[in-house]
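Below, chain A partners chain B and then partners chain C, in two separate complexes.
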Partner chain A sequence: MAGGPAGWISVLIPAALFAYFLGFVPAVSDGDVILLATEWVPSLDIRLSVMIDGLSLTFALLITGIGTLVTLYSTKYLGSHPEYPRFVLYLMAFMVGMLGLTLSDNLLALFVFWEVTTISSYLLIGFNSDSAKSRRSALQALLVTGTGGLALLAGMILLGNVAGSFELSVILQQGDMIRAHPLYVPIVILFLAGAFTKSAQFPFHFWLPNAMAAPTPVSAYLHSATMVKAGIYLMARMNPGLGGTDLWFWTLVIAGGFTTVFASVLALRQTDIKQVLAYTTLMALGALTLFIGAGTSDAIKAAMLFLVVHSLYKAALFLMIGVVDHATGTREVGVLRGLARKMPLTFVAAALAAISMAGIPPFIGFIGKEFLYKAGLGLEQGSLWVTGTIFAASALMFVAAGIVALRPFLGKLADTPKPAHEGPMVMVIGPLILAVLGLFFGLFPDTIEAWLVAPGTWAVYGSPDVSVDLYLFREVNAAFILSMVTFATGVVIYVFHRSLRDALGRLFAANPIKFDPGWDRVLDGLKALAGWQTRILQSGVLQRYLFVVFATLAIGIGGTIWTKDALNFRLDLAAELDGLLFKHWAVLVFIIAGALLTAYTRSRMTAIAALGVVGIGVALIFIMFSAPDVAITQLLVETLVVVLVAVAMLKLPHLDPVGTKDRRPWHAVLAVAVGVCVTAVLVAVLQGDIDRRLTDYFEVTSWPEAYGRNIVNVILVDFRALDTFGEIAVVVIAALSAYALLRGTHYKGRKPDTAEDET
Partner chain B sequence: MMNSIILNAATRLLVALLLMFSVYMLLRGHNLPGGGFIGGLIGSTGFVLYAIAQGAPATRRALRAEPQSLAMVGLGIALFAGVFAVFFDDAFFTGQWLFIGATEDDKGLPISTVLVFDIGVYLVVFGSILTLVLALEEEV
Partner chain C sequence: MELLIAIMVGVLVAASVYLMLARNVLRFLFGLILISNAANLLIFVSGRLTAEAPPLIPEGADAPLELVANALPQALVLTAIVIGFGLFAFALMLVYRGYQSLGTLMSDEMRLAEPKEDGQ
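== the complex of A and B ==
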């Protein structure tokens, strides 16, 4: 096998997992829900808990099953690529994330895995990292889905608080309480923001076609069969808890319906077959959203069936177009003709998958479409919209199937960049298996019904009382007639599809609203905003930084005092001042004199010495009110600061001796404002009773429990030792950073900043 | 660096006194004003004085170790003192005490991880301040 050990390991892992998950099928098809749990981060209530029910098992089987075929395919498709092991690593990381996402029973764990899939998708889209287009697409996908992820996290935290648990199995049983809760609307909006970005619903659809810059196996696996369905999974999973309201119904039905029609029209516009497939994937995601939103048992049944059906044929078609691209060097519909004779096996796979996609009996795609129609017609509200959009989309899917699988293979062989030849077996086997499965399930719908669709429906609908009975044909009813009309419409459109494509091209060229360039403008705007605010805030002038810091302090304290009406007390100033002794007055005068001298002196040395005087005055206050430790520390720190600043000062320019340039009225205003605010808050604090519980506790326990009589020190080294450890770590980091700065600037002749080291 | 004979002569005596005083403050800290923080400040003041009188290179020679290494070692000692409790099935930073020669009435000589932690704090403060002062001195 190509690709070396990375290759066969990457195939064995999903294959083994697939076999393992198959083992759960009998239990789950009996309606069992398997819960497994282990504590992960107990202090944050995050458990690594696993829930295996019909929905998660369906996803797990798709992830591992298609994963096996895709990794097998990749051994040939990318096996000779120098970065192949890296590719395998990303793909495995993705698979872990996706399995975790679908199996997790804990919302927060689900979120972690959700982000793992986002990041691995980013890495895989940007795998050809020397192409600017790949990098842009990767970043776009990351930013769009990452932003949605943040919204989702907020929604999950809200939901967790409302439900009192982060376990899905607990949350989903409280649906009625959640729907009646005042936070229900924000929760739904945040969850849907996550799901819509991930599953590329309009107006977040634009990243998915761009994500096709990834290697073809990635497109088949992540951006069609599995990852983009994570949003679908989330909506399906949350349906018993959040669904069933008008908000949920109309948001999903309108967004899903619009996406499905919009995407299938856009699919016709494309000339690159991979792009056609990308847009039909969007169409499928829209349809799934639409039917999960519709929420009736028939609709959920149809959605679960369509989920599996779509994964089978779409992965097959993506892999098929990879084979064609590999063999001929092009994916353009205009160039590829008559490949059937040169690539018979690929043609068989393409044809079988496309027939399923077109919804022609006896393939499973036909059953999928029948059930979509049946569910749409049976809706009490919005029936016309749902059935209408699905009809339009199905007819256009029929056309897309023809474009993808008919045109390239039939007719006269055309010249291609490389001479066409059959693809290697490991690459053809995957699409063949998937396509044949589509036929098998179509002929024996009972199998897929019992294994996946029925248990899945129970999980999403929230009750196992729904009977699921799939059949290929039973009677001529409205759904069947609609199917026939769909075929007729599809054939007509297919005949005219080339002129239709040109017309659509002109129409879209004239359309002023373009999402992809719009995205660039949003990003440019963001960058400009970031640049603007950085230039404002990061002026590089120390004075301005200090101004901002102190202004924030003044506004913060002053604003709080104002809004909380904290000065609402009578202060008997005369009585307060009466208690002051002569020594208190003396220190006060001492401090005020020092402060005034600092502000008014024309000599730096005097200013620093005067500032030291202020500090010593404060230390004296500490001594008078019996806090010797604090006083000693204050004195020592003041001494060291004066020395440090005096040394640093030798480098600074002289002050303006005349004293006109240095007059800074705004600084004076700010200084007074900070002083007034701090004084006011201190006076206000002293009006109330001071909570002495902590003081009492330390006084009582210091000696018996910690064998120390100096409470300050006992707190520092024993009661609050962890805090002290954090502080001394900060001291070391600050010293090392200052050291690095001083050393780093030494040879460039720049002025050093003074970095002080006080705690 | 200042060229002053008086300062030079006084410094030799003062540095020794300050260092001794700093250790005294460190050790008595648990029961009386003092402790690692204050001790470290006093100790570093001694060497700052030395640096002003004799210059940075002489101070580095006298220190025998890089001050930033001293700070890091101090951080390591403090961490060790905290982790030590785990070996006795206590939470991090729970003080462990040993009373040497304790009798009914007298607790004897107490040895504790709390003191070890305070020595770490001393070294961190001492090393960090000297790192800064010496770097500034050499810069100017």
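== the complex of A and C ==
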């Protein structure tokens, strides 16, 4: 097999997983919900818990099943690419993320996997990293879905707090409580922001067509069959918990319906077949949103069926166009003609998938469309809107199917950049299997009903009391008649579709609202904002930074004291002054005078002397209040400081350049404010009771356990020896660094000009 | 006395903040010395003051016989003094070396890493 070990491993893994998940089908189709859990981050209440019900199993089978075919296809499509192993790695990472997302029972774990898919999608869209267009599309997809992801996280946290648990199986039981909660509206908005960006609903749709810059297997897998359906999955999953309100109904129905029609009209405009498929994917996502929003049991049933149907035919068509592109070197509808004879197998796959997409019996696409109509007609509110959008979209899908599968293959063979030839078997087999499955399920709808659609519907609807009964044809009813009208309309539009495309092109050229250039403007604005904000905050001037730091400190402490009313005790100054000796007075006055003088003076020598006074005053306080060891250290250090400063002064200039003064009233105001705050905090501390437990412990254990009579020394060298060791290390490092700095000054004669050379 | 020392600590902090906000980095250094003194006193005083009773255990006893000064803040302050000195010595050398290379002590003129851009 092409692609070496990376190739066959990448095919084997999804194939094995697919087989594994198939094993759950019997239990789940009986209505069982399988829950498995292990603790992951217990302190944050994050559990790696797995819930397998109809909905997650449907997704798991689609992910692994289509994943197998797509990886098989990639071995040939990209197998000779020098970066193929990297591609496989990203693809596998994506698959893990997607499986985790759909199987996870814990909201926070779900979010982690959600982001894994976002990031792997970014890497895969930007796989052709030497193309600027790829990089831009990748970044756009990342930013749009990533922003939605953040909103989703906020929504999940709110929901978790409201429900008291992050386990979906617990949350979904509490739907009535959640819907009545005051935070319900923000939760829904945040969840939908995540789902709509991920599933490219209008107005966040613009990233998906751009994402088609990715290699074709990626488009087929991520941007059609699986990842973009993560948003759909989320809405379906949350439906029992969040759905059923007017807000949910109208938001989903309007956004979904609008996306559906908008995307199917845009699909007709495209000439690149891959872009046609991209827009019909948008249409399908819109329809799924629409029907999950509609929320009746029929609508959910239709949505679940359409989910599977769409994944089958759309993945097949994407892979098919990849084969055509590979074989002919182009994807333009205007160029491709008459490929059927040269590429018979590809044509069969394309035709079968397209018939399903057009909704023609006896394919599963027909049943899907029939159930969409039936559900739409049965709605109590918004029936006309839902049925109307689905009618328009189905007719246009019919046309799109014709454009994709009829025109390129029928007629006379046209010249293409490369001479047309049948694609290799590993590439054709995938689309063929998917397309044939569409026919199989159409002929035997009972199979897919029992395996996937019925259990899925139960999970989304939130109760297993819904009977699901799929059938190809039973009677001539409103839905059937509507189908026939759809075909007629589709045929008429197909006949005129080329002139319609030109007209649409002119119409869109005249439209002033463009999302893609608008995106660029948003990004430019963001950069300008960031630049402006950085210039404001990052002045590069030390004084301003320090001012901000100290002001924040003063406001933070002062504000807290003020709002918490922390100083509501009476200070007994008279008792404080009573019994104060001369030595106490003297020390206090010396220290305060020394501090103020240091701040005030313009003379270096005065400052050094004043600092010395403060230091010795502090040492005296230590002596007076029974801390002889501390006092000795303080005296020693203070002497060293004065000596060091004095030595340094010999080589340093005066404090203020000649003719300038250092008077800064605003700084003084701030300084006083900080000082007042510190005093206030200390006074508040002194008012409280002291906790002497540690001191008591040291006092009674100092001799019996450490054989030392000086408790302070015992603490330093015994109880907190590691701390002291760290202290010594700090001093050594400081000394070494200072030495290195001093050594660096040994180039005499060219000292100040080095700076000028560099600036 | 505790209350008065609290006020004095406030004065020390105010003086050091004023110094640290100065343009001249040498004043910043003076502020650094003052603020470490203020911080040490703050820790010391919050352990409460006890006059003339150092935390020592007399010969023959297993523990102090009467109330002695709180040993814990003393140990912490002792460590803090030494660390503060290390910090100060390093900062002083940095200032010294900065002056050697850049020829200025004004913090807003030390812009080797971030030269002024146009329009600033």
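Criterion: the second predicted complex is superposed on the first by the 549 of 759 C-alpha atoms of A that agree within 3 Å, B and C clash if a C-alpha of one lies under 4 Å from a C-alpha of the other, contacts with A are read in each partner's own complex, and residues count from 1 in each chain.
As a working rule, contacts are C-beta pairs under 8 Å (C-beta built on N, C-alpha and C of every residue); 3 or more make two chains touch, one makes a residue touch a chain.
None of these values were measured; they are calculated from a predicted model.
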Touch check for A:622: first (chain B), second (chain C), both, or neither?
second
Name the contact category of A:462: first (chain B only), second (chain C only), both, or neither.
neither
Touching A:550, do we find chain B (first), chain C (second), both, or neither?
second
Quick check for you: in the superposed arrangement, does A:637 touch first (chain B), second (chain C), both or neither?
both
Output check: A:338 vs chain B and chain C. Expected answer is one of first, second, both, neither. What do you get?
neither
If you stack the two complexes on chain A, which partner ends up touching A:718: first (chain B), second (chain C), both, or neither?
first
After superposition on the shared chain, which partner residues are touched by A:706: those of chain B (first), chain C (second), both, or neither?
first
More residues of chain A in touch with chain C or with chain B?
C
Chain A residues where the chain B and chain C footprints coincide 628-629, 633, 637, 640, 644, 648, 651, 709-710, 712, 716, 724, 731, 734-735, 738, 742, 752, 755, 759
Of all residues in chain A, those that touch chain C in their complex
535, 540-543, 546-547, 550, 571, 573, 576, 580, 584, 588, 591-592, 595-596, 598-599, 604, 607, 611, 614-615, 618, 621-622, 624-630, 633-634, 637, 640-641, 644-645, 648, 651-653, 655-656, 662, 664, 667-668, 670-672, 674-676, 678-679, 682-683, 685-686, 690, 692, 694-695, 698-700, 702-704, 709-712, 715-716, 720, 723-724, 727, 730-731, 733-735, 737-738, 741-742, 744-745, 751-752, 754-755, 758-759
Along chain C, where are the residues that touch chain A in the complex?
1-27, 29-30, 33-34, 37-38, 40-42, 44-59, 61-64, 68-72, 74-75, 77-79, 81-90, 92-97, 99-103, 105, 107-108, 110-112, 114-116, 120
Give every residue of chain B touching chain A within the complex, in rising order.
29-38, 41-42, 44-45, 48, 52, 68, 71-72, 74-75, 78-79, 82, 92-93, 95, 97, 107, 110, 112, 114-115, 117-118, 120-121, 124-125, 127-129, 131-133, 135-137, 139-140
Taking the complex as given, what residues does chain A use to touch chain B?
628-629, 632-633, 636-637, 639-640, 643-644, 647-648, 650-651, 706-710, 712-714, 716-718, 721-722, 724-725, 728-729, 731-732, 734-736, 738-739, 742-743, 746, 752, 755, 757, 759
